[in-house]
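Below are structures written as structure tokens.
There are two complexes below, and they share chain A, which is joined by chain B in the first and by chain C in the second.
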Partner chain A sequence: MSKKASIHDVLTGEHYISGNEAIAEGCLAAGCRFFGGYPITPSSEIAERMSRRLPQVGGVFIQMEDEIASIATILGASWAGRKSMTATSGPGISLMMENIGLGAMTETPFVIINVQRAGPSTGLPTLVGQGDVMQARWGSHGDYELIALSPNSVQEAFDLSIEAFNLAEKYRTPVIMLTDESICHMVEKLIIPTKSKIKIENRKKPTGSKKNHLTFKPDADMIPPMAAAGEGYNVFVTGLTHDTKGYPVITPEAQEILVKRLCDKILLNEEKIRLTEEYMTKDAKVLVISYGITARSAKGAVNLARKKGIKAGLLRLITIWPFPTKLIEELAKKVDAIVVAEINNGQIVKEVREATRKSVPVVLSSKLGGTVHTPKEILAKIEEVKKK
Partner chain B sequence: MTRTEIRLCGFGGQGIALMGKILGAAVSIFEKRKSVTTQSYGPESRGGASACNLVISEEEVDFPYVLAPDAFICMSKEAYTTHIDSLKEGGWFFYEENLVPVDDRMKKAGHIYSIPATAIAEKELGKKIVANIVMLGFFAELNDYIDQKAILKSVIEFVPARFRELNEKAFKTGKNYAKKVKKQEAKK
Partner chain C sequence: MTISEEKVDDTILEAKRHPMDYLLRWDRLPHVWCSGCGLGSVLSCFIHAIAESGIDTKKIVVVSGIGCTGRASGYLDLDVFHTTHGRAIPFAIGLKLANPELKVIVFSGDGDLFAIGGNHIIHAARRNADITVICSNNFIYGMTGGQLAPTTPMGAWTSTSPYGNVEPNFNLCHLVASAGAIYVARWTSLNARRLQASMVEAIKKKGFSFIEVIPPCPTTFGRRNDYEEGIKMLEFFRENTIIRHGIDPGDAELNLGNKIVVGKFVDKEDKPTLSDHIARIQLFAKRR
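On to the complex of A and B.
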């Protein structure tokens, strides 16, 4: 839209584009300069736009032979010092799981865009779903934590793409943008700010002697500075349990120290990472919790309920993982009931029940994919649980 | 909360998706209101069914999909058969008169307008491909929902610079046809 913006940089200006295109621009604005991927509906427009845009900004785009190879390339690119990403959906994200674990174990910053479609398996390739929420958390084997974000508009798809890279760099972790077909295929206005207004976070670099550098020695914030391969520092990287040097140490003691830190650096920073939106929650008696596309209908439902005199409010989760357990625990004390609206058979609802410790009824408004809740459908649940 | 829904349908290759984006951007960028454009996704391709939907609101659009359109712009027989029943009672119905064989079902519309957009594009402008822009000009002149100047600005923004003149002409041609229709209506 904006004729002034240079194609060689951030496309500052007003645009009327899809969520997928906004994500591509957001990732570029965040400083992403490497994309390794394998196009899959409904995420293909991200790969398409990146293949055109990355060469314009001096980056590299590779289409690999499959998703397993794709995610391997972005780990490698990250260790070479580039901000890297991939975009996929359903069957693709399943194939990437092994190396997401490698990313967590090796504390490699990268971003995966998962444009959720309905599964399992090939499912509904071109239609919406939110069934990958639990997979995003623990789809790879072993104990780890990562960060997952869920936008509810084209603008937020852009903004959170920047946030995803910033969080990946800051916490040295894979970040999953857990978006959905609806958000990514809908077209809305996007405002891209000037480059100077975009806040960019970069990974910490080691400052000490190159010779004595320990690849995985954490600072007080639990996060080790990261040297890129080829900068002269020691870089030992393995998927095996390792010590601060990066050398494999196959003992329960080393496992306790490493895995505890990998989890804690995310979990103990939950409040710092947390992004949520509260709408009419102050006096709410029925709280709706939702995320992504479903949260838009949930907001509509809250408005309809208020018109009928029902004190409803919305908590929109923008950060999905780490889960805002404490916040929900607090909100639950003030309400009579909670409705969780999501396009799956009940995934986040379980986390909400855990957080509320059964202090209030928590009911699920579910769809199994292919379509989005209408505000009236969520309203029906609100009416069902409100105290007579 | 005011909410307006517009549905545009035809077959692949007519530029239906572009029409939806042009109208959406007219609202969001040039009128500074809110809009969401969605497309039906599937194995559509040139010749297959194509549908594009637009929701307009003064506030943020919550549910982004069209359920019962206030206005329906129809450019193919198949689109008519599939979508005419979804039109809101008393809504606006615009159709390509050579491509859409209508029947009694369209009578639920409160306002009915037709134009041979494809023939006009081919004969008067020499390019069949701008039939969609002729239709947009026609719609712009007659509709109650989007400012016609905003639509024209949006057309200019979306079409390649070298085709700007042709598209402006197409838009104006559609508009003029609508003016004639309005005059005839006034006479009745």
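On to the complex of A and C.
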């Protein structure tokens, strides 16, 4: 690749751009060189920017015939050795589910940007929602775990795009950026660091003999090194339950070994993967838990509460999946009540209740989509639980 | 020199092996296919074609969807992918575009490629994606027990058309040719030599090439349609197949009771493929 191309993949400097554009730049900076997608509001600007930018850095952009083709094609690209991605929303992410399962089963690294809009169905195509949280976790059939991240600013949308690729490569897993319409259409200042300041993670490559290569033999860290097609390893890849060779083995024993490892390689690394932000939690008696755009209103609510003398604090989830259960369990010991603010009818709140084991009251501050919470709405919930 | 027992055994086995066996995964045999199934012969033609093509096997990738045919990739000692039902083609396109050095071949069934995956195949042909698609058309959903497919001829009996199929079937060759395929051929599994020659041509072709091959499926199609044994269907092929190279594939419909028209229907000159266009765009964008 020419020197010029490598200069162009990281647009070091100060920018004033939207979340969607920041995501495109973050993915390029992370080393993404393949985008397969299908247009859908409110994510289309990512595809549009990638269609212009990827060829400049020797990458491939292709607009497929639908979202099922889009996700299938990025799996193929990943197995050819490229960092690959797609971006979509609502109806599109629903269409991708079967092949997200194939990605989990075949331990294929790739990134999906889900710019959440309000559903179900066509719902509110142009307006914000956070209703895909549970779908992101288990939307495909069967048991599996993946990683989901949620940014709350344009800068973080950029930063987490890099993190998403790094995690996908490191853990050989699909990673979903569970962002939302508000973050992605918001225009803010973005600072892109120099290329040398950006930490890049690449998938482990096999080192042993190419003959009789075991496509899915994990190392001690539970993650198998990944050979690409065309490298001479004769990889064997199937969505069927398989052994370390990759060969189908249709038995409960093989299922137990494989699915357990697929889940454990994510769940047992929860603390390593975990990204959260705590704000005024040290002495907090009411803990607000939120993520994405909603966390901005939640921070406002905590400030308002503090002004009123209520000891409120915020836990902002940046990693949504795997869920920081242990952290919340610990925080719950120190507070009187928890408020969960999210733009859905109560999804993360269930995980929080599970983590706290009913040791403290957990209430939901919900909106069903189309608009974000005002700080006052969340404040009202803080005051409600505080009084109890 | 002492030779271990395993070593001796290995040598005997090696000696018994067929010259093309290096392309098979021996440790995956026996295969799952029924006795009398035509898929074994098709796979045999395929490995011979790969060897004959002279293409570096390190660069050959075979992608399948789900079905009896979809299991074919899993017996090959190459880079192989058994994906989801209907999605082999977009998966293959991703492989090819991400690494244009690869020779990517899709090997799958009629239901996989033309029912659930129908949208992908017409778009792949339209784009002139540089892949070869080999479709085994047994007129039925074999793996799931013999349900109606979009290739099932009118009047045929299947487990979900217990009163006889009332839907017209797709003419696969006509469909892909209309969508832009630059190479289109149809053979039965009995036309082994011709099928193999066609496979070599298709694999070597630059751009979207397509082969429809008709194997007997005694178990799920034959059983309900008077071909309960594979040999009976092969006999039917022998007596009723006519070769018509170069005819308009629109005139080569497959109906019950009609002759089976086979041959190389389309063989166009190379034209720029999707990969070529993308490479051109990359050059242009970098210069700016």
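Brief remarks follow.
Rule of thumb we're sticking to: the second predicted complex is superposed on the first by the 379 of 388 C-alpha atoms of A that agree within 3 Å, B and C clash if a C-alpha of one lies under 4 Å from a C-alpha of the other, contacts with A are read in each partner's own complex, and residues count from 1 in each chain.
To be clear about the criterion, contacts are C-beta pairs under 8 Å (C-beta built on N, C-alpha and C of every residue); 3 or more make two chains touch, one makes a residue touch a chain.
Note that the coordinates shown come from a computational prediction; the quantities given were computed from them, not determined experimentally.
When both complexes are overlaid on chain A, the residue A:Thr73 reaches chain C alone and has no touch with chain B.
Contact with chain C, but none with chain B, is seen for A:Tyr233 once the two complexes are overlaid on the shared chain. Looking at the superposition, the partner that touches the larger set of chain A residues, chain B or chain C, turns out to be C. Contacts of chain A with chain B, set against its contacts with chain C after fitting on chain A, share not one residue.
Looking at the complex, you find that chain A touches chain C at residues 2, 4-5, 33-34, 36, 52, 55-56, 58-60, 62, 64-66, 68-70, 72-82, 84, 98-99, 102, 228-240, 245, 247-248. Residues of chain C that touch chain A in their complex: 25, 27-28, 58-59, 61, 63, 74, 77-84, 86-87, 89-99, 101-102, 119-120, 123, 274, 278, 281-282, 284-286, 288. Across the interface of their complex, chain B is touched by residues 1, 14, 16, 41-42, 126-127, 181-182, 185-189, 293, 296-297, 299-300, 303, 372, 374-375 of chain A. On the side of chain B, the complex with chain A involves touching residues 1, 20-21, 24-25, 28-29, 34-39, 41-42, 60-65, 67, 157.
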